[in-house]
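Same chain, two partners: subunit A is paired with subunit B first, then with subunit C.
Right, the complex of A and B next:
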């Protein structure tokens, strides 16, 4: 700065400059103080944790109604209605204004006839029943193993759901939140497909009856696998423990065992019609262990073999009664 | 009386006719405006077709249309394969107009050209005088012809490299691997913010997603480079307007060569032109409209006609040069042409052919002749020295034929629903295979019932394949399913084999029936005394199709305990693994 310019600096200018620098320093200091993170903990992302409602989505247990409703016959719509009616009808489970999440098994990109996914006609009948019972909204959701869109389209579930008036929820990258499952061995905190559950009041699982390479049978309890994200491929290291955790995680309103077809070998993927036999049966229950045990004995026809270990593990937690024979089973024959 | 006359308001505002007597709307409805409408239309169509290149949006749209009408794709693959695949005859849609009108494609249809022009226009900070200088022809504009020559010679020898710089291939690839995923990242975060912060349902915005229903953000190897390249190339417009189109574009060069035959061109009326150079202000092609028009450079954008203050420029039939009919010397003044005085001091009006000296053409041809062995001999494409991880999509033709066909447009990669198809980096494909599709099973897997990549491939590098052919059912049963490779177990990393820990996710997900992964059951006592029943997996190679679902789902993420390599792919007898499959591949379906 030349002497001449120096001479021109007025007192006011000097004061203004000094005040400006002081204010800037103070603001920077304040900001640093507000953002200060001495341990490095504050900078870590806060992970919001999610909980499902206390007691899950179950309705009041009944002492008079049958524990299992088993419908046999040809007409799929009548099978679903018959099975649900046998345990009290849809009116027992879904009331006017309910928001219902239905979880089919759409894990693989397979045509419905191959039995690896929930029969879309069963889903259609179920969505219709739920809507007729007064549900405000029906959401169909699953997190498949293969490409979600393709799985939903190829299996026919997409079309059946939409035509029956449900909304399909496919998983997108931001749809998973950590779910707290108190008491679970492995999945006490695990990424959960939460978007369909925002505001949901009832949850219905509807799964096919499938052979499974590791846990021997994949039915309504194993079906909740499709609500989880994250490193699911670690689950096989204790598959029975995981299924017992799944039973703990989700206390559904109702489960439907879709045995219109039975994938009796090469499960859970199948892929050949020779792996599938007609079952012509639909089972409804509030107890997924009872329904699955029924499926093991009567539908997979494995009476001579002991139940897979996950039944006992889940039952030990008081999550159901695999001993279906000692319970009230109502069998109906429909058209 | 006249002073009391009331003029209605609308009469006062009525636009005045032009000085030359043409109606006022001739100022608005100009050919350059029509051109802009055309550019917007074709750019939108291009984006729309890319948007449609997705499982739930295909609906039979011709999603590879721009690649098919690109005549360089048709001509170069015809040189390399001696065939014109499927829809590539559509190149005539561009070829014929070019032979009549010149390079209209470049400034009326090409989406990449439109992008360059738009960016150059938006970020143009120059004065008119500067712009005139920046739009003068430069010798470096010959480079594109040399690039074209190199690529065509290489194509004729069997290595198709036009896709490196062909503007349509380049833009499709850039959208696929860089722009669409970037836009999806923004969309997913926007949707989450709407839902979580504002409680709104973001579902109506799903159209913004390029990959609706994809469970995870799509990723593409080397996206940074593709992204950087387009930013660099588009950014060059700030230095040299239409840099890519003028200097590098092999398609532009190809059309430029053809343009010499076009009977229509920009004509300069020597009796009106005052050599003011105003026509250069917005000249897109740097084609010297103020002097001898370089037909091979002219994009037929019509800006020069718009800008000419003397109305000396027009577009019409101009098959010959008038220079020889001038009487007198234009530079000294007083010359006449057909009786009219010649005002312009430049008597030449047209230069039909690209200004590339013959020796430079020869040099480029030589370059192509050398480039072919340099690239091809870097790695063998047959049974020796091929890359184990260069796994091609199902339906691909045998490797040397693949390299004759693949234009690196990455449409297959765009449509792949599981993200398994990735642009090859130098690691898998070398320079010759750069950006060609290879599978990366750490990212995705080849879905059993999917043949979308074969549907969209414009050149038949992935041949249109029916699902029955892929699965080897029905009439294709004797040949068996298409296998893209074979899975192997690394027993040193497999949980049941090496760590006494139950797993067999691989067996669970194996989609073929009967399963290509079997298990041995074994009860072992672990270090802590607990007994555990282990199922130890093994491969049944004759059943494996190399889909990679096992590798994708293997919990040993970083270097999976079951992994697919290219050996055993059905497309190549050289790379078969089993005697059994060798026999099958020779069966007639």
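Right, the complex of A and C next:
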């Protein structure tokens, strides 16, 4: 543009052009701001969020009954019954007509003897107890790491559950819905294995006692990880944070710590029988943190080490009492 | 401003810049707008109908991807009366689908690939699961194996292969590969299969020279199966990467060596070990060039010094005299190892998910 043409531009023209450019820039900025979606949440289709019942599935706490029931012995059925009886019996937790979801740990395609999954005989005894207490329906559900069908079959959980009168729920992509967990750090909205929980009135977790490469121990609280869908492995970057979220997500009716075998090394996958020792113990409680802390000290035999960080994070949210020694513990010896 | 002045930004009043326009241009413009509209429509539709896999569990068929690629798995592994199930291959981006929660262990040893295969007896039971890990280097493979072999066991080292059949499990490290074969039970048929697999893989996998640590530690009384390697975080020290270890038969005392890039780096690293050991206890005075420290809880002695590009140390010895004697032997032995054998340990690749 020549000097002469510059001279012909009036102040009004310049101001108008500047205003036009500014308006265009502002409009583009506004559009970018409106479309900004760093988490991708706004891009998801709107769907009704699922919420678990207020207060979870917990029963009324007792001021007189023990917080922990610990049964030791050889007979698996007697162990489960002994531990549950020690904290009031199954009748305290399950009533006639209840629909009960039982969540074992079936994460890996391993034989039961290798200790990486819930002992199917413990599950069998538990389903039987729940049935005897009058449950209308018992559902056994987990979302394993490996192929669900293969995990349920090779662990023996499928057969034990069906033979004891439960229905096994294997996950399919359609069975997940977004669950809202208010206050959670990582799973405030996250895909949840929902189908088994439709109409459920009680929830029982039954998990083995395992060493874990990341969080040091996998017991009743970590067990709820198996209800999550999506790319859940990303949570391993804050494993203790996600376990504290799981404690917030699920307030169960009862948890059973299956220490008939203890995978004390090379967890959570295990594989060698040399990494497993007999525990001959079952623990029952309404307090996951108390049960897990007992497992850490007495069953994994890690008394000299501090509890993993997820205990403190969960306790800070008022989700349990890791100091099991200050609580009423009833120990029973069974057959 | 006359007609045809290209520099005009805004044209006021509105009028065609040119006297005529091309209908072809209008047509092309219309097509472009239509294409953009289709793209926008497709994006909007996909947004409203996302792939269910994005927010659901990984479906079964994706969890164990069948593969025709057997990789280093020899053909025909199933003995008579057994059959092979499909081969699955995992890389650092999806190995969690097989071993979620433990994948970090193998990644700390430079995990590159996992070939998994199950052998099943004709009757459906028992089964043997093979997990063949490619860990990139012999020291990683041997280190990963040493970390999983039961402490009480004594693996064999023969012709570059470290192997052990323990109860229901075969552990085998050869070259850059680490094989774990897991029987569903401890039984004679499983044992037979594990022994056959051990023999087969001991020759089928490509061998590689053992790390210098075998030459260094074994003549000093360390059993071959007790030579190991920690890619990172040795002794819980964040700086202690690429540490070669040899556990002596007492089960507590360890000899260790780290290769630094230069002699100056080795001296600096030895000083860090010295300071770190001292933080766990108190310095112990003793003659010689090594600063020893006694662990305040275990009352065991540790220390390190540099020798050329090597940092040589003794960890958790019963007393200072023993530590000094071991260190002297270690230093003397190290002098016989050629510099060309000292492979500098790179930091393990961190393959984030």
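Rule of thumb we're sticking to: the second predicted complex is superposed on the first by the 291 of 335 C-alpha atoms of A that agree within 3 Å, B and C clash if a C-alpha of one lies under 4 Å from a C-alpha of the other, contacts with A are read in each partner's own complex, and residues count from 1 in each chain.
Convention: a residue touches a chain if its C-beta (ideal position, glycine included) is under 8 Å from a C-beta of that chain, and two chains touch if they have at least 3 such contacts.
As the structure is a prediction and not an experimental result, all values here were calculated from the model.
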Subunit C versus subunit B on the shared subunit A, clash or fit after superposition: clash
Which of subunit B and subunit C A:333 touches, first, second, both or neither: neither
Contacts of A:238 with subunit B and subunit C, given as first, second, both or neither: first
Touching partner for A:275 - first (subunit B), second (subunit C), both, neither: both
Subunit B versus subunit C as contact partner of A:214, first or second or both or neither: both
First (subunit B), second (subunit C), both or neither touched by A:145: both
Subunit B versus subunit C as contact partner of A:230, first or second or both or neither: second
Partner chain in contact with A:17 - subunit B first, subunit C second, else both or neither: second
Contacts of A:191 with subunit B and subunit C, given as first, second, both or neither: second
Greater subunit A contact set [subunit C / subunit B]: C
On subunit A, the residue positions that both subunit B and subunit C contact, one per complex: 108-110, 143, 145-150, 154, 171-174, 212-214, 233-234, 236, 266, 268-269, 271-272, 275
Subunit B residues touching subunit A - in the complex, by the definition given at the top: 55-56, 188-189, 191-192, 195, 212-217, 417-418, 445, 447-450, 495, 501-505, 507-515, 519, 535, 549, 553-555
Complex contacts: residues of subunit A adjacent to subunit B: 108-110, 143, 145-150, 152-154, 170-174, 195, 212-214, 231, 233-234, 236-239, 266, 268-272, 275
For the subunit C and subunit A complex, residues of the former touching the latter: 1, 5, 7, 9-10, 47-50, 52-57, 59-60, 63-64, 96-105, 127, 129, 148, 150, 152-153, 166-169, 180, 182, 184-186, 353
Residues of subunit A defined as touching subunit C within the complex: 1, 5, 8, 16-17, 20, 43-45, 107-111, 113-114, 143, 145-150, 154, 171-176, 178, 191, 193, 212-214, 218, 229-230, 232-234, 236, 265-269, 271-275
